[in-house]
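Look at the two complexes coming up: chain A is in both, with chain B in one and chain C in the other.
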Partner chain A sequence: MGSPATGASTWRLLVVTVIILTALAVLPRFVEIYQTQLLTYGLVFAIAALGFNLLLGYTGLLSFGHSAYFGAGAYAVAFIVRDLGVQSMELCILGGLAATILIAALFGFVCVRHTRIFFGILTLALSQVLWSLAFKFFWVTGGTDGIRVASAKLTLYGGLINFAGPGAFQRFVYAYYYYVLALFAVSTVIMWVIVHSPFGKALQAIRDNEVRARFVGISVQRYRWIAFMISGAFTGLAGILWVPLNGLTTPDILYWPFSGEIVFMSVLGGFRTFTGPIVGAVVFNYLKTYAVASTEYWQLLLGLVLVILVMALPTGIVGTVARMTSKLRGRI
Partner chain B sequence: MTIFIIQILNSFFYAAVLFLIAAGLSLIYGVMRIVNLAHGTLYALGAYVSAWVVGSALGHAVSGTLGLAGLLLLLPIGAVVVAAVGAVIEPTLLRPLYRRPEEYHLLVTFGLLMIMEDVIKFLFGPTPLTAGLIMDRMGSLPIGLLIYPTYNLVVIATGFFAAIGLWWFIYRTRFGVILRATSQDRRMASALGINVGRVYIQAFAIGCFMAGLGGAIVVPAQAAVLGIGIEVLVLAFVVVVVGGLGSLEGALVGALIVSFVRTAGIQFFPEIELAVLYLIATAVLLVRPTGLFGRA
Partner chain C sequence: MNLLETVNLKRYFGDTRAVDDVNLTIADGEFISLVGPNGAGKTSLCNVVSGLLTSDSGKIIFKGHDVTHAAVTARVRAGIARSFQLVNLFDDLSAFDNVALAVFSREGKIRNMAALAHLDHDVIVEADNVLGQFGLAGKRNETARDLAQGERKLLDVALAYALRPKLLFLDEPTSGVSTRDKGQIMDTIASVVRGEGITAVIIEHDMDVVFKYSNRIVVMHQGAILAQGTPDAIRNNDQVAMILLGSSGPDAFTRKD
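On to the complex of A and B.
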């Protein structure tokens, strides 16, 4: 993470990225439609975890309330589609992002006054405010029934692609996969630029030593606040993209165990690396889907994975793989 | 007027249960600096075990041999079982973590929460368990023109005596002195010859016992269902944040504030009843980060 990007490593990074993106782009031709759908979910969660990790990995703040921003994005889209009759997904994204950033700005303003455990509790308490509102104001939010957002009503790319007529579901799955993939690629690039910009370096300085960062002249609270908003916006985008895929938004995505799942994803992949949360989110999605499908006690399974992970592999998948490859290389 | 008295009694009932949970949470944080996300699930475990014990006892005992007093005495078994579970969890799962950042404490206890939720589902099945028979047998008391279940008064009394007992235990016994010394300076306590590892197990077990007792006494009044632990944890957080993490007095005052606000909320503004509680916690954290009774 810390090493300066030299010419050679930038090239290698670019090549690897192109290969991965190409592989992701051609994948739907070779797998079943269900797998494509599953991977879309994985990419959506990857955006969420990417945003979350700007706070945990780069700013050193553990939020236990990121369900708030995921849910805010999701509910904003549901309201926009249901109450304003908007069909264009692009307008939904704009509206949803505006709503999420507003809430993240408000909550962030409060939360960045604290660090460590109090930051975690504050973010959790505030996210539960939103949950309780979505839960209780059932005549607005549908309560536990949630709000249905039919994918057939939406259009992509400013109305170029719509989903009316026969075979709509299949067309939606494929079109939406590429839509999410494109936004995922854009989000990843933006996040990469952010964490490698002077702003990103300042966040890392704050993470490593707050007092010194302040001495250097960084206004710590304001930087944390901005990071909080960016983080919320990314997670909000994930919530926005998740709604048409899921077809329904319920208070579950605002409830605090969902925040725990976002934390889980980042730790699974390794929050000390840039790619960790992405890998973690995709893997977590597969893990959870298959655990739920194969046993009634999937929570037990995931809980065991989490405990073992923290005890034995605190650097996550990416960190462990990196360590193993460098060991292998050293031997050769 | 009668309604008013009943609402106050309801608040005390609720405060008693919340205090038991929050005091355990606070004690564990105070001594070990661990925020236990699985604490609510320990409460749920206590409720399930007690309901199961009472239910099986009723099923197996010859009718009439098991009096009301016998059933009441069976209830605390849930708390003892939870304490035993805690005594196993602390040395195996938590001890390796004390030297690591707080993030890992949250993660491991979150994993523990997931595991225990499913263990409860595995052991007791997905159907709710209740010990409502105890409540029925105890009957009710007339208050004005209305009646009030006698059992609720037992719960209030339990909460009251638990508060006094815990206070006496921590401030008036030798073990309490050792506990407070360990919480203030772990290394100094260790240098003075205190077996810190044992104190940690005992403190964690006591905290778990409190949570389990909360579950045990609530189960005759409310059924144990899946997910009650997750729900109650956030409320316990509100209590300890308002009162101050690690403070016993804080847990008591916080529990009273939360339950009175909640009772009033359900009566007057039911839609935002929960939101108000979380906002109160936020406000307290902003104005007094250490809570009303917390130390810096």
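On to the complex of A and C.
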């Protein structure tokens, strides 16, 4: 904020964004359908990590329970489709967001009373409560079998696009890719505005120095709570979008290892940068997918790769790239 | 009407009487120095009045309202601001962002999440203005952590001042700063504060500074107010000289170098 080159850097940012979005938009023409699917997953997780990082990177709160909001969004969609017979994806998003924000408001209210490890433990504990509910109330949630959500039953853009008839699967993959891409773009812009707004600056102030933040008039707990709800809403949106893609929601996405994956995506990409979690989520998704495909011991392989990456790139992928480019620029 | 009034204010730490039955009244527009030996309770009094510490008993009346149990943010909104003895900044943010936060807060814009902070022209002008007043214009884009000690001290004061408070507590604004810079910092602070008609309470050890700038001096000792009065009255108070310097006599406060 406020650097003399603000105008110029905003333009540069805009140009880079347009180039990346254009590249993402034309990509499906050049790759096989499986790659398009894979990238859709990556973008969904990117939205989740983007939400998560509002807390970690900007507010200084490490949540170990973001599976709760991803899962809340996912299960809400499953219920809405199964029990209310809703077909419109937009209605699913609205309903899912309402449910997620409600849960994030409730959990956040409890958690933001604490910081550091206590905050982390509380978020973890509350997410485990949701997980055990999904697990135990199997007559509602389907237990470990989860709930099926057939993409063929859904419509996009208020019913303009449906997936009945021949070639439905292919049409769904491509249509849904652009749907997720659009929501990813909108989410990124909204989040970018939030972190560059006065409110976003206030969150960073809280992260840096909670006491002083109070002495410039910032109600620390309330701001943390609002940030928590926004964060949960973004991660919830990711969960909502994930369901039709996966065709099924299971308790796995409420379980703590998935929270860990969200943390990992952000750290891998670099939680000190805005784009880090986005890059981290997409990369993590590829790493995990190929690890699972290549060996039975994929957890071990993935773990090793991740440990090496984090040790080699302590500021994350984006942080490292940024440092290298500024070094190169210095040389020119 | 008094701007601030403390009534039998107390704060103990175990057996330590950090603030012991303090009755202090401050009128609008005063420039007060709060002095006393190390551990006298100056910072503690400031902490209790600003809300960092709760009081054990007593009352704090600000502008006629009882703020004894008010939250820090409520006191800030009412017009009480403070700087810190140990520099207390947003270390990862630029000098500009540090001050801009205070400006956003004062203008009631800090909750806004739908506008870009770096496009708010009013706030930019105002924040740059404050930085300029404290001689920090050239450092606006530097991260607070990277500033020199004297600059950090000034930024700490600027952050409190940018809230345009009614009552400003400055806890040793020149400690840890070279003697050469001290006078300049105090000149800056005094002119800025006077220019805005802000009522200021400065905690300060350097008696030259205290005599030069304040129109009332409050002396604390062991948590209580030992004496108060004009610089001249304090200068001639033997008991105060004993407490502050461990020596008495008419020339106790004159430099011996």
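The rule we apply is simple: the second predicted complex is superposed on the first by the 322 of 332 C-alpha atoms of A that agree within 3 Å, B and C clash if a C-alpha of one lies under 4 Å from a C-alpha of the other, contacts with A are read in each partner's own complex, and residues count from 1 in each chain.
Just so it is clear, a residue touches a chain if its C-beta (ideal position, glycine included) is under 8 Å from a C-beta of that chain, and two chains touch if they have at least 3 such contacts.
Keep in mind the model is a prediction, meaning the values are calculated, not measured.
In the superposed model, A:Val31 makes contact with neither chain B nor chain C.
Using the contact criterion defined above for the overlaid structures, shared-chain residue A:Ala152 touches neither chain B nor chain C, since it reaches no partner. Which of chain B and chain C touches more residues of chain A: that partner is B.
By the touch criterion stated above, A:Gln299 is placed in contact with chain B alone, chain C being left untouched. In the superposition on chain A, A:Ala125 makes contact with chain B only, not with chain C.
Contacts of A:Ala98 after superposition on the shared chain: neither chain B nor chain C is touched. In the superposed model, A:Ile19 makes contact with neither chain B nor chain C.
The part of chain B that touches chain A in the complex is made up of residues 35, 37, 93, 96-97, 100, 102-104, 106-108, 110-119, 121-122, 230, 234, 237-238, 241, 245, 270-275, 278-279, 281-282, 285-286, 289. Residue ranges on chain A touching chain B, taken from their complex, read 56, 62, 64, 110, 113-114, 116-118, 120-122, 124-126, 128-129, 132-133, 135-137, 255-257, 260, 263-264, 267, 296-300, 302-307, 310-311, 314.
Against chain C, the residues of chain A that register as touching in their complex are 1-4, 6, 193-194, 196-202, 204-205, 207-209, 211-219. If you check the complex, the residues on chain C that touch chain A are 50, 52, 71-73, 76-77, 81-82, 84, 88-94, 96-97, 100-102, 104-106, 109-118, 120, 124, 127, 140-141, 159-160, 163.
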